[in-house]
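Each of the next two complexes has chain A plus one more chain, namely chain B in the first and chain C in the second.
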Partner chain A sequence: MRPLIRDIKGFGALRAIAGLAVIALLFLLPRFVENTYALHIMILIFISIVMGSSWNLLGGYTGQYSVGHCAYFGMGAYTTMMLMQFRQVPPWFGIWGGMVVALLVALIIGSICFRLRGPYFVLASIAVAEIFRVSALNLKEITNGAEGILATEIPPLKIGGTLITDFSSKVPFYYTGLVFVLFVITVTWLLQNSKLGYYFQAIREDQDAAHSLGISLTIYKNVALSISAVLTSLAGSLYAVYVGFIDPSTVLALDLSVQIVLICIIGGIGTIFGPVIGALVLVPLSEALRSNMIGEFLINSGGVKADSAFGSFLTENLSHAHVLIYGILVVVVILFMPDGVLGFVKTLTARKRKEAA
Partner chain B sequence: MTIFLQSLISGILVGGVYALIGIGMTIIFGVMRVINFAHGDLLMLGMYGTFYLFTLFNVDPFISIVIIIPIMFLYGGFLQKVFINRILGSLPQNQILLTIGLGLIMSNSVMLAFTSDYKILSTSYSSSSFDILGISISTPLLISFAITAVITAALYWFLLKTDTGQAIRATAQDREAAQLMGINVKRMSIIAFGLGASLAGTAGALISPTYYIFPQVGSTFTLKAFVITVLGGMGSIVGATLGGVLIGVAESIGGVYFGSGWKEVVVFVLFLLALLFKPSGLMGKSNA
Partner chain C sequence: MAILEIKHVSKFFGGLSANSDVSFEMQQGMIMGLIGPNGAGKTTLFNCITGYYPPSKGDIIFDGRSMHGLQPDKVCKLGMARTWQKVRPLAKMSVVDNVMVGALCRTNSLKKARSMAMEQIKVVGLEHRSDFLAGGLPIGERKKLEVARVLATQPKMLLLDEVMGGLNPAESEEIIQLILAIKKLGITQMVIEHDMKAIMRISDRIVVLNSGEKLAEGSPQEVVSNPDVVTAYLGSE
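Right after this comes the complex of A and B.
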């Protein structure tokens, strides 16, 4: 919310240089890192940042807590995947299709749900997303139902006869994810400093006051939802093509919607870098649990014997419970740092500065 | 016509259990203004409790509610005292997220402890039924409906006639005024959450002979609980009772005429229509 000029001068310039250095590093990373698992984690983090930041535009800036964002993620994933598998449309065109479908869905959902406020809006957003999940499950002729869609082959990307990539490694997905992340963060930054962004924040702070000042609630809530939905569909499309398999219980599930919200809550909502922090905290943690790194570490370090009852319990079960970490984190964050990690750090530093002064 | 009557009756029988779930949710909402997203997970705990009481100690699922009710009451009271009471004044979205987090912890802990395998509790009467005028009625559903009716009646009596019940209703009506009248609202909140949890647990026990038992079973019921409470009017116990039966019937009839895959859509469409045209619910007084 600070004026742009001041950001570029002095301290702001330092920050801008640091930011550019980080971006440059991220672009160079695949040249140094051969480890596919590290790239895999990075791609997952990128996808999480994109979906978190997109939700943040609606939930964080406009104050409309949608717990049905899996609908847009799923629309992106399904449209791209269906176009690729059934119509042989390459994914870099399919993504646009996904965005269009997500936009249409957002307009329909918005016209229904934005008549409601507060907890009623939350419930309605869940209900609509569930309708999409059950429909995807039942429309077997179109979506393959519960079987899901498996990507058999991604066509190689050629521009004018030269091969850009054939998607055989993780690197192209890494760059796509990185570009999406930069795009979404740029959109958030532009919005935060624009008139539109101020409208959004006015609606968040007090929608009746905003309305009486002449901000049309219906229009601007729908604008926020549309932008958010289109960006969320990007994450969905990337996820679908990257993982190569989608079904209603992964890309249209309530769990996914909750995850999207948690990324923002844990990082800090209504801030540009909140979702980034949230994704950086959540993804490695849940991946470490999923791949059972923690269990293996405990056993390898000699803390727990592998053949003991507790050891076998760890190796067999811990990987199933990576969602547990989401639960514990959200409870801790809500009780002890209601403004998220970013807000918590800010209060801490502010307190220190006060003590120093 | 027989098919219609058949699905109507089984809908009403299932609806009784739904009403229990909805009443629990609506009491919690009424007293605390907190939407409990962990409601289905409380129900799931009740299911697991019943399952293990049956397999380990051979306790009949319908008798096990005698044990489930007090345990779930204490557990609910504990949750309220340790977690929910701390966030009563904070943003509604944070309250929602806290209960989502608690639900995730419950379902995933159960998954850790008992794996995510589907469990089936089969009693001698699990699939038995009898015929009246050509309409077959499932025995376990009928028994659970009867128990539901008794519990609901007892609950009405408790809330209407006892001092504690009246204090709970007063807290629900106006928290501050109740506090000024000398009612210990924190304690009422603990009792209310305990009641809600034990109702959810009871519902879990009652459906366990007819349902698959697995750690994620809760989310379906959380969603149903929302639909029921909103349909009935948030905080209205009569409304939740009606809403539960209505949803049971809608599901059953929708399943027959649109195919069982679509019955949930029927419920959600009904829910959205209710939200749009009568957001205060069937029995609701306040405007949303």
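Right after this comes the complex of A and C.
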């Protein structure tokens, strides 16, 4: 948290211009890129950034490691989807419903879990999220249970009679995702430069000290959780409408909660752009491993013969072990970059600057 | 009128009594020394006064108001601030940000909080460190940072828990001067300290605790000549 004035001068101005250029490019991207797979990856990255950044507000800034964030993601996904599918409420209204439900759930979970600290809070957050998964699985009349909900039709978005989009391509989802990402990053930036941000970080650093400095732990932890939950539900709603199918084992599962935490840990916890980096690393990595892109690349480039033992290992075995490789890579990154990719790059540049001086 | 009245405060942890029936009063602007052997219940008393533990019995009246059931953040807002025996810097935040967190207790504007923080940083003499991370400071400067941070909450009363612990004589002297300077600002202080020479110099009155009970109270001279106190510290013949 440096004074703003320093950021506007010199290096900061350069960064601001670069940032605006990136945003402009991202807005123009669908005009040049027709490849739906590329857009699909971008949308997945956007969803990951939104959920990572939302978690970051609670985990990174306030230091409360919730491993139950799938609850809020699921609340967004289920509310939006149920309203759309069973009540014919279009998703751009449903999203608000999702936010309200996520907020209510956050207040309930917060009032229970924040009585606990550290590892006990983590365990409680997992347990409470599991309650929601099991409930969604068993309340068949409301949620369709394990069958999940399939979106049959998304109503076209019209403003005053003119058709804006009918959601037939990936482009509207791309723009929605991009707007959500910009919104979440703006919220993070505003928080970092406000009293709330200072209080969140004080609680992260030492909650007893923070308490003695006039910070109400109950109030500010719940505020952090509420903001985080509402923003996470945005990611859930977008995911549900985009993929068109949700069930308890995808949107309310423990792996999703872990995935959300990983995005932040890999990118760099408690920084604005950490979750962005984390999503940019993790989403393409998991996609490449899932589709066995790396193995195919090695074989097609001629580095490995397809009929050799190693080649057949790549095509036969490795493609089935993508989760294992993903896990190993994540462990390696955490071992060698404990502050995330962003922290690693910062220490590297600092070291180089020292050597140059 | 007394600014702080401790009325028959007892604190039990299970069967163990950490404080039993401690009573004393403090007048506005004075420095009260709180001494006693290890385990005498000094820090427990601090925790009871500042809302970390509810006293098992008795009451604490601060500024004419009972502190019963108040959380530490409310206690701080009412104008009573404490430091910690084991310093608690907000390690990954800069020195000025640390002090700003204290100042934000009184204002919502970051700009105002920053100028209030810089003022207190000057009072303790850490201007040259204001942009450093608090976690990187040596112990002497961390102790000063603690004091600056609580001063920024604009307290009427300060409770300092062993601010000189672990410091060399030169650093201790700086803290003594700081405590005397704070007294000149009209802030009432209660000081826990093991360094007898220092506590004799700064205190207006001293309360001695032993095994959770108040053993003696009086001016520094009265306390050192009290045979019970000598026995508690040095053992009897």
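Just so we're on the same page, the second predicted complex is superposed on the first by the 328 of 357 C-alpha atoms of A that agree within 3 Å, B and C clash if a C-alpha of one lies under 4 Å from a C-alpha of the other, contacts with A are read in each partner's own complex, and residues count from 1 in each chain.
Keep in mind that, in the parts below, contacts are C-beta pairs under 8 Å (C-beta built on N, C-alpha and C of every residue); 3 or more make two chains touch, one makes a residue touch a chain.
Here the structure is a predicted model, which means the values were calculated and not measured.
Touch criterion met: A:Pro119 reaches chain B, while chain C stays clear of it. Within the superposed three-chain model, A:Phe73 lies out of touch with both chain B and chain C [touch as defined at top]. Contacts of A:Leu217 after superposition on the shared chain: chain C is touched, whereas chain B is not. Of the two partner chains, chain B is the only one that A:Val323 touches; chain C does not reach it.
Once chain A of one complex is fitted onto chain A of the other, the partner contacts of A:Ile265 are limited to chain B, with no touch recorded for chain C. Looking at the superposed arrangement, the partner reaching more residues of chain A, out of chain B and chain C, is B.
Once the two complexes are laid over each other on the shared chain, residue contacts for A:Glu205 go to chain C alone; chain B is not touched. Those residues of chain B that touch chain A in the shared complex are 35, 83, 86-87, 90-94, 96-98, 100-105, 108-109, 111-112, 115-116, 219, 223, 226-227, 230, 234, 259, 261-262, 264-265, 268-269, 271-272, 275-276, 279, 288. Residue ranges of chain C in contact with chain A, taken from their complex: 50, 52, 71-74, 76-77, 81-82, 84, 88-94, 97, 100-102, 104-105, 108, 110, 113-114, 149-150, 153.
Of all residues in chain A, only 59, 65, 67, 112, 115-120, 122-124, 126-128, 130-131, 134-135, 137-138, 254-255, 258, 261-262, 265, 317-318, 320-321, 323-324, 326-331, 334-335, 338 touch chain B in the complex they form.
Interface residues of chain A, counted against chain C in their complex, comprise 1, 3, 193-195, 198-199, 201-202, 205-206, 208-217, 270.
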